[in-house]
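Shown next, in structure tokens, is the structure this report addresses.
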């Protein structure tokens, strides 16, 4: 790998006498951290073709987003997710970049290219008002190259709706369970399937829903094994994690 | 009704001249509040035969409980519930009173007499560790003259356990849903039945169960209509309320 | 019932030889869950005439509500409650549907028809500012065929207001106690009556009322037996549950 | 007053030339703060005879309490309250000091002397289990020279109990309302009387009583004017404040 | 007392044969609760001339406030406090009623008449931004006939500001300590004075001030005896209670 | 599969005329839910050899655990995890079952058999006091057939400890990050690796650690994608989920 | 110092006979507290040239700020910080005062003068959205005469960003660590450096970030010694404290 | 510094041909992180003579502590702090190590040697029950070579106690303000002094003190600039930070 070679070449220069040990020490010290082999963290995503970059749009100005997109385009990135932006921001970005905007998920895909899908992720919601968060998860997963099945409004207060959709649930490799007041969905789904379940509490609701805290606590207390939880309304995080799980290769024994 | 007659007889004595208006005023003033017709609150329970009195045992000494029981026995009470007492207290009370003790529910029935049962109440729990609270509810309801069916360990993480017990659930006139971490039970049951559901959160659990608060919030947010909630671990309250509902007579049109 | 007949007709086709057992198995498997007899949950409301359907309007667009109403009208529904909508939405819906709008309760009854009332439900509030939630409860109960008596502004800080209304309270079959800061109302009412009391905390108040949490906790800790609690501001849920209780038929012994 | 004279005498010495301005400056600077006239704070209690000193016993060793008592005895104090100590500590202190111990209130009066009582304070509790805190309030008030009437177990879930005790309530100059789960007591009492009401939440209860927080919030939200709140279980503070109020002299116009 | 005479006259009519016992029973039963001697609660304020009525304006429409004011004017009330209303509402009310509006306190005095002041109440604030709540307390107390001294912006982070105002503090009969983030004010003042201190936490602040909860908790934990707390931002309640205390007459021994 | 055959045989009997459609309907209705093909939930674990069953020991008596173990032994189970039991319980169980007890993890493996390991899971902790929870996770994963590497005491306050262990972290297929006060571990690890990270907050700590809530919130807010959270101290859940992820087979494209 | 001289001159007048001791006593008593030598608190800032005064602008009107600035200008103040004001307020103030406005920090420096910088403070943030709070800290420190290095967007989820900036971190005399959701920054930085670290939680984030409470708790639980925390979003407080630390002189042994 | 020399010697060996570049690369890669120059973190404390190491004793067995002490002794450490251990553990350790135990602070100094003190730190407490935490801070600071003045029981409810100790406060280079219920201490002290103030909330108290949370919030909201907060009961952390501040050298301009 290139990084190791960089250090190696420094060492070789030292051996060859073209670099004094003192200057080599300085160079090692000043070298960016990633040069020491830890850089995997930062750029490993770009190594495999097609893996998207993500821009968390909420606290950024259109100008800032435009700048980051521009720099990414130069580095050759495609399928860049821009999350949590309004239609006006999307409109402004479209002037400069090919861009697909999903209003319900408040999410854009810049420099969109067709993606090869594989595996199977189910994104389920308790109610229709959880759909916005669910779409953030679903589209994220799709852009990352996963086949996604949506099961919306299958909350446990009407159990038959969930039970009449057992087929896709049972064959999923990862399930994202999105629910607001009705945090029970994660618990019930977790008991039905035998793949990892990622629970996403939503801030939908009123009164004792406490802005999603109630659903969050409920999901953490789920008695079903194989279930874990992400932050309230964090559809992107759930979709990203589901993708990581779905795209696992078989382990070597 | 007797109470009205009491006031009436005072008034009649005034009319008959056997009581001066001034003395009547004093008597009315000194009379316990209930003599004015509001007494329904206090003694109405004793009117209908067999309705038990209840002693909340937790913060009382054996001596205090003994005193109250003695006074109730003199007033002719039977089937007196003594809640939240340990086996040692029960043992001490047995020396003086006929008494049936239920160790799991930590509850005793003093001066027990056979009760005629009617209607149908289901008490369901999410796990086996919720059984203590559930038994408090179930025995309370039974002593109050209700037929009770127990569905224990039917938590939603193993949905088939609940679904294979739909028959008693569907025919219940009131359901008490007792669940700790898995507050989801109330939501699922509430969506299945069309009778009132009383949810009892329990303090069973650890970590983010927050001593029952998590289940409590989850139950309050239940999306199923017809569900209401009592305090954490309040099995007695749920059994008492279920009894009130189960024993409703048809309304006159 | 139709559903049973569906399965029955499948079985009859098998008996008649017009359907092979293997094809029948497939059809049963693919059939929506409710075809198996559990559908009671979903459609049982429509069976008895006059029982309304409910649309939770808060998170839905006018377009969505219109669509659901249209579909319900086709299925023959009447007296459809649409909760938590503003006057503008109501105005828009009125163009297409006969509709009665209650601005205080922010609730509409679409396709309204006269309802036969029976029994007796009391809806009481602690203050005048709790009236909005109380009206949601009261109108829900009325539309569901219950006689409702309103006792507004009878908070316990002026006890005589409550005590001078003991008559309707005492003869109620279910009481909905709506209170914000003054959660005490449920406790006091619960001690006065011997029918089920449904407490509704409201988000009215300021400071340490914590958006209704304070009243909620207070109501859960009520020392009066026979009291249970629904979510903050959940007038609809309380009215619905009160209706279920009021409309109980006598149990068979 | 002595303090002013101290400064005055310094100034007089300066005038008389027996003290240089520079030395006077130093002396003023080093003088304890209270010498400047602010000392009223610390010792004003001892000025009027009979006002007790208080030792908060909870976090002190028997040895420490003994030392403080000894020093107070030397300063001539009587009727010293020692709060929150167990019977064993009391027993140990009795060996050295005349001491009256109140086990229910877990409070002792050291060097007890008869006190002249005046005015009228009512201490009321919601339940019998609030009595320990109530006794701390009542005895504190009595030792401070107030007439105290106890109204225990008059919780609002049995309203008649409270209403049949209106006489002492109505004639009180200050009411201490002690209640655990049933925080409603303060609200109801506050609406009945026209003297200041001091609400004391207690940690009695279980589940959603949250160690007294629920009652605390409920009392803060009381709609009755004239009510204020002290810390959970702070019987001493309530008794002390009630005493201050009861012992007010008429204001000059 | 008038009320007792009312019942007495009923009884006398019974004795005289001009009223049958049955009719008398009905009359007693129908009589407003206050006729039985409990009415002190409701109308006792109007008995003493000049004591104001209060209208909590926050959740009321201008129309409702106008109606209540009109009815009060008919009953002869003066100096009616209308709390928590904006300048526009005040402007609208002024068209019909003589009315003094205090914009900082967001409070109006309708039908204002000169009031005789007596005693001495200090209203102190930690910062300038607490002044709005403080003015609500101060004006309430003034309208109720108390002399009020304002000590604003004397927060403990600049202790000298408080200490240079010891004179009015020391001679107060009641102190209202209003503070937001800096809940310490109540503690420090409580340690300086020997009259009752009423602490008012305010919602002023940011971050961990939690909308006033932080100051509230801080004040409840005050180590200074003689201090009690009202709800966050409840200036009216504090002013009202301070008035009750300030206007105490000397107790009879 | 057997279940389908059961329904099939019912249908065949109908076809053959040996069962009337009406009786068939009844039999289908009464059949346990799992007979309809949904039973996969319950028994699917037993299908694949070697997958362990789990007994949550905390709320169970030794007697109950013994009973469940006995029944499992009869069904041929091996490697049964019994979580959260003390050494005394383990000792008692050993009399009847071959059993390996892990005191640090407070966990036993009953009927232990060698397991074939594969893949690679890293279990990391912030401090040494998190080891108990970590061991629960690690042993669970090992018993389920996963290779586990332990990285204990690599908290981020001493970053070099973590960074000098990048090798195993980088090659893991799933990481379990266990941390108490120092919830930061999950965030840092999540930023370093590109496999799923399961964060386990622990109740270790004091003060503002709030029994693990602080770490829980910190982990939920982790900015690193690919991270999800389980309940406080839920080592078993994390180990179980890590196993599911590690044992994923490659998806079909 | 001037203040001491004031008292001294009073004393000298006494000695000289131009002031009677009684009049001197009065003058001392009336003198502002600071005249007694404690005034260090209030005016000590003005003593050393260039130390700025601060106006907390959030709850003040433009008019009030203008008044305070005017009074400060008369007293000769320069470099006055006005925190938490919008651009409109700044614009209005500019009409009357030379003023530098920093829109990101929402902070102005009125009467700005060049400041001599010394020492070394690092202000680091977890993300770009924490920059507003960070700038408040940085500019405050700069105006107070400190050299400031900004390290923005070095959150621990991308550890290399932080590690490649070790040089300035290692040589800082105080570090301000500003982070929202990612409270981990303080923990990691605290473990890397050996100077005091001031952690500033920010309200940036969503869901379980709870308006900054999550980061606050996380920072308080930091396992790195040498770290302390200020209020959420309190950039000014952190910058001010960092300045105090950075400007420490060597202690005398 | 030694570390740099290690890398340098590797490089020199490469230059000298005694180490191949490939082997050097391996050695650099395997070397503990600190070898690369970042080790300052870990061992920098040992560099300057007399700086103690710390063992957090709470969650460690006597055996573990003994092991760590043994290893430290071998590395030549002296004055090793062992925090949060009981007298029994101290007794056991004494058998093997010279050790001074402080029972109030529950802290030991192993291998104690005289330390040269400098500067000036004040440790102040609100009450006597905060002394345990305060001693942990004070002794930590003393062992680290700082002069410490203790001002105990100077809570703000008796302000004169604090004000009569202004001298040491005013001349301190850092103040540690330890207070439980009375979090106000930090605020008042912060307003009096112009050095950094480190506030330590303690878990002392009851009721609404919430185990120290109330004091914590109060301290965070302190209006005095220059104040920061550490975790509840974290005396060690405060003493350590105070030492860092007190031992600052003058910055170079």
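The letters A, B, C, D, E, F, G and H name the chains in turn, as written, and every chain counts its residues from 1.
In this text, contacts are C-beta pairs under 8 Å (C-beta built on N, C-alpha and C of every residue); 3 or more make two chains touch, one makes a residue touch a chain.
Keep in mind that what you see is a predicted model, and the values were worked out from it rather than measured.
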Path length in the contact graph (subunit C to subunit G, fewest steps): 2
Fewest hops from subunit B to subunit H - one hop per pair of touching chains: 2
Chain located farthest away, centre of subunit B as origin (C-alpha): G
Intercentroid distance (Cα basis), subunit D paired with subunit C, Å: 50
Distance between chain centroids, defined by C-alpha means - subunit C, subunit F (Å): 41
Multi-chain contact residues (two or more partners), subunit B: 37-38, 41, 127, 158-159, 163, 191-192, 207-209, 213, 216, 220-221, 231-232
Chains grouped in pairs wherever the two touch, ordered by label: A-B, A-C, A-F, A-G, A-H, B-C, B-D, B-E, B-F, C-D, C-E, C-F, D-E, D-G, D-H, E-G, E-H, F-G, F-H, G-H
Residue ranges of subunit G touching subunit F (in the complex, touch as defined): 126-127, 155-159, 181-184, 187-188, 190-192, 205, 207-210, 213-215, 217-218, 220-224
Footprint of subunit A on subunit G - complex, ascending: 127-129, 158-160, 163-164, 204, 206-209
Contact set on subunit E toward subunit B in their complex: 4, 7-8, 11-12, 14-15, 17, 20-22, 24-25, 28-29, 36-37
Of subunit E, residues touching subunit D in the complex: 37-38, 40-41, 44-45, 54, 116, 118-120, 163, 166, 170, 173, 191-192, 194-196, 198, 216, 220-221, 225-232, 236-238, 240-241, 244-253
Contacting residues of subunit G [partner subunit E, same complex]: 32-34, 38-39, 41-42, 58-60, 64, 201, 203, 211-213, 216, 231-234
